[in-house]
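Here chain A shows up in two complexes: once beside chain B, once beside chain C.
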Partner chain A sequence: MAAVQMSEAEKVYIMHGVQDDLRVDGRGCDDYRHMEIETDVVSNTSGSARVKLGLTDILVGVKAEMGRPKLEKPFEGCLEFFVDCSANATPEFEGRGGEDLGTEIANTLYRVFDNGCSIDLKTLCICPMEHCWTLYVDVLLLQCDGNLFDAISVAIKAALFNTRIPKVQMIEDEEGTKEIELSDDPYDCMRLDVENVPCIVTLCKIGHRHVVDATLQEKACSMASLLVAVTKKGTITCVRKVGGGSLDPESVFEMIETGKRVGKALHTPLQEILRKEESLGKKRRKVGFLG
Partner chain B sequence: MVKEVAFQVERAMPVDTKRVRGPEESQSPWLFVQQSRGQPTRVPQTRESERRADGRRRGQVDARPMFARCGLVSQAKGSAYIEAGNTKLICSVYGPRETERKDELDMKAGRLVCAFRLAPFSCAKRCPWIQGSQEKDLTLSLQESLQPGVCLHKYPRSQIEVNVLVLENDGSALAHAITCASLALADAGIEMYDLVLGCSLRQDGAAYLLDPTCREENGDESTENQGSLTVALLPTLNQISGLLSTGEMKEETVVGAVRACVEGCQRLYPAAQQCLLKSVRRKVPAPQN
Partner chain C sequence: MAADMRLAAARKRAPGSLVSQDESKHLVAPGDVITTDTGFMRGHGTYTEDEKLMASVAGEVERVNKLICVRPLKTRFNGEVGDVVVGRITEVQQKRWKVETNSRLDSVLLLSSVNLPGGELRRRSSEDELAMRDYLQEGDLISAEVQSVFADGALSLHTCSLKYGKLGQGVLVQVSPSLVKRRKTHFHNLLCGASIILGNNGYVWIYPTPAQQDEEAGGFFTSTEPVPLCDREVISRLQNCILALSAHKVLLYDTSVLYCYESSLAHQIKDTLKPEVMEEIVMETRQRLVEQEG
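This part shows the complex of A and B:
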């Protein structure tokens, strides 16, 4: 991640503030920064979304392509993640510098979605053992200002909500050869059910307390963070400790509880905003990349 | 006619005589035999009192007996070998060596470079020799778990290399890799705050299975509350240095599972201490009285 140079005095100032539930920008320990979400920003994709959390800028594009299902799971489709840390974010990401961070984030995303409940992959099956839809979720980091995992998970949820997969039909001839037929109407699409898609909450341990949505400066003061992926129902799909420090078991339990509370509260307003944006339809004023 | 043309084409193309590779996508037939029979070897989960396949209890902190020995690899500074059930791993530590990159951070403290490798024959499905994304993920978890235990500030401008090789994977490979790596680091004489021990668990519905075997790890996905959890603990300081979970579980389940893993690690501590004592006695001759 992009490193920030901080003096010891600044670190002590941040730590003392967090003890009293007051952060540098005036937020409480459980508050998120201002978040902006926009879907359908890239026209060549099946679904896309852009999320701005403070200064962190994430762009997610989902492309649905037909492929073969995996041999162990013949009745399901696939979900593939790829994270690209572009050199726009920081000069450290130039060339292959951002590859380590990209693979770390992609592996965490695979782990978060690796259960039968987040996305119903059976709806992506066209013909068992032969054809299925593979959703390629590509994440692009445009700007990095701390708390990447949270912004990426919200962007993925918004992009999957926006994804439109064309409806296909398998037709069998008299000879037995199968053909795939696409409907003529370009708007005849299938939508995904994103009710159970989890959102990641990153909690950073600073001193004796933990904060949600840490900026780069706050991250530099913390030795260890806990990543919790929470669904709307309040179930946890992934817990992961990141960073080079250690955590007390009691703090781990407290952080999981806070993560569950904050994550659960994030889903309802997010769904509402996505539905409201979609209901505007053609009248919606597109902000795009210049806003 | 078609056959003749094909034969001519074959003669013209250069044949790779150095390698004998199978077809691009090959699978072992054993992977599919169990599926078609409806998996009769899985233990049915009905009551808490039902025993697991190897006789251990469900819902209790019952780990497999562990065999550990240090000092196997003579070339390495320190090494350790662990066997738990059928899971076999070996770890070797090299260092402290001079570091290749000279960042500012390296001037103050040392760097821990970990590598977690699965031998191609270790799992049920053959793993390709090129490091896949799963291995990179586990390498990162291993490094994050070991880092709090090692006194890196005592080794400025150096790097310590830890290489773990899984010879046979019969479940909870990461947990045992963490234990094996810390025993190897202790055997190498690297200064540490405490040993880092790993323990993993499989949540199967209402009960948990501590230290699962490979068959228990690949559980049935259709039932609720299914997941895996690995915890790395520093026993004397009682600090969690690594936590990794997969699968959808309720918060109370996750908390209960972490407590069970912490207790599992505490119970493993005497065995690890015994192994280190034996290796020290072997290396250092008894004082002449």
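This part shows the complex of A and C:
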């Protein structure tokens, strides 16, 4: 990730601030920056969302394509993630520079969603062992200002909420050949249940305390971070440690507790916002990228 | 503790009535025709095409007698002799440091242009050269003045005064260089309890007011004492105010920063990051500035 150079005195100032629960921009250790969310920004996808967290800008597009189910899971659809770090974010991502970070984020997302309850993949099955819906979730990093994982997970949840998959029916002929029929109404769609989709909370250890939603400057002062993926009910789907420093078991336990608390509190305003946006319906003025 | 989430909203135009101006400013975008009169000399930010004078950057047209130039809003820092800058050391080379000052080329700080600790005036020896990293390392912040401009446009800095030197604990805010108003002094000890250095290059340094003026010459000693909580609150509030002013393109100088700080006292520090609160604070500041001028 783009690292920012800092002097020792600045790092000392930030660390002492975190000890006193007053960060550089006045937030407490558990406060997020303000987030702007908009769905349905890309017209040729099944669902899309754009999230701005401070200066971090993430665009997620979900495309539903028909494919074959996996051999070991014949009754389920699939979810594929791809993360593209665009050179817009920093010059370091030019060419293949952003590939490492992209694959790291994509692997984390696979781990977060690799359980039976986040997304009910059985609803994506059309014909067992033959046809199923594969959801390709593409994440585009437009600007990097710290805390990528949180913004990406919120954007994925919003995009999945916005995804509309056309309803299909399997029709069997007299000869036994199966045909897939698409309904005539283009608005006749199936929606996904995103109640249990988790949100990732990144906790950075600075000094003896940990902070949520670290900026790039705060990230430069921390040696280790913990990623916790939490659902609305408080279930943890994935815990991952990043960074070169070490964490002792007590602080890991404390950070997981904070992550659970903060993560649970993220889902309610997100659901409200998404419902509010949907209720605006056709009246909603799309802001997009030129607003 | 609840995260503040909201739907994306389009940016609103600032109401024209609040901006005090005698005649409307001539604002241009790249490709706009400035004039078709051929009698003018063209300055920075312009080019000629088919007998017409066109703008190559987005900004305001300035006319001095026969010279027309366009002053862009968002630009790299173009240094003049005597400008106060805040910069970050990027490299330590033989007998000089390279300083990043938001200009097109890295600025140069020669070893002979810094104050040695103890205030001694002597020739720099090879031992001084080897000990350069003890004075200033990569990543350190300094305040300096522009001594001269090299032929290729790089700036040569110096810290030959007690007020310049290495910066200690504080917060750096980066804004566009065109938003920092040129004044007689750029070092301010604000009444609210913190001090501020408004670098001409757009780097603003906010730091706690030192308790007593240090006798240490050269200013290479930085303390790692924890800054008290009341000072921290003032510094955080000032940082958010400066970000709000720069987001709404208000010129930064000590009065505007102080007015903005006073308007922001009505809100909690972390609320001043929200767009609607920022807008409210900046509107009040603009009004007070207009009243003060009028």
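As a working rule, the second predicted complex is superposed on the first by the 291 of 291 C-alpha atoms of A that agree within 3 Å, B and C clash if a C-alpha of one lies under 4 Å from a C-alpha of the other, contacts with A are read in each partner's own complex, and residues count from 1 in each chain.
Here is the rule we use: a residue touches a chain if its C-beta (ideal position, glycine included) is under 8 Å from a C-beta of that chain, and two chains touch if they have at least 3 such contacts.
As the structure is a computational prediction, the values presented were derived from the model and not from experiment.
Aligning the shared chain A places chain B and chain C next to each other free of steric conflict.
Once the two complexes are laid over each other on the shared chain, residue contacts for A:F82 go to neither chain B nor chain C. Contacts of A:S7 after superposition: chain C is touched, whereas chain B is not reached.
Of the two partner chains placed by the overlay, neither chain B nor chain C lies in contact with A:Y136. Measuring from the middle, so to speak, at the Cα centre of chain A, the directions to chain B and chain C differ by 110 degrees in steps of 10. When the two structures are aligned on the shared chain, A:G244 is found in touch with chain B, with no touch to chain C.
When the two structures are aligned on their common chain, the gap between the nearest CA atoms of chain B and chain C comes to 10 Å.
The part of chain A that touches chain C in the complex is made up of residues 5-10, 12-13, 16-17, 19-20, 22-28, 30-38, 50, 52, 262, 265-266, 268-270, 273, 276-277, 285, 287, 291.
By the touch criterion stated above, chain C contacts chain A in their complex at residues 1-11, 88, 90, 137-141, 167-172, 222, 224, 226-227, 229, 232-233, 235-237, 239-240, 268-270, 272-275. Listed in rising order, the residues of chain A touching chain B in the complex are 71-72, 103-104, 106-108, 110-111, 114-118, 224, 226, 231, 234-249, 252-253, 256-257, 260. For chain B in complex with chain A, the touching residues are 27, 31-32, 133-134, 136-137, 140-141, 144, 147-149, 221-222, 226-227, 229, 234, 237-251, 254-255, 258-259, 262.
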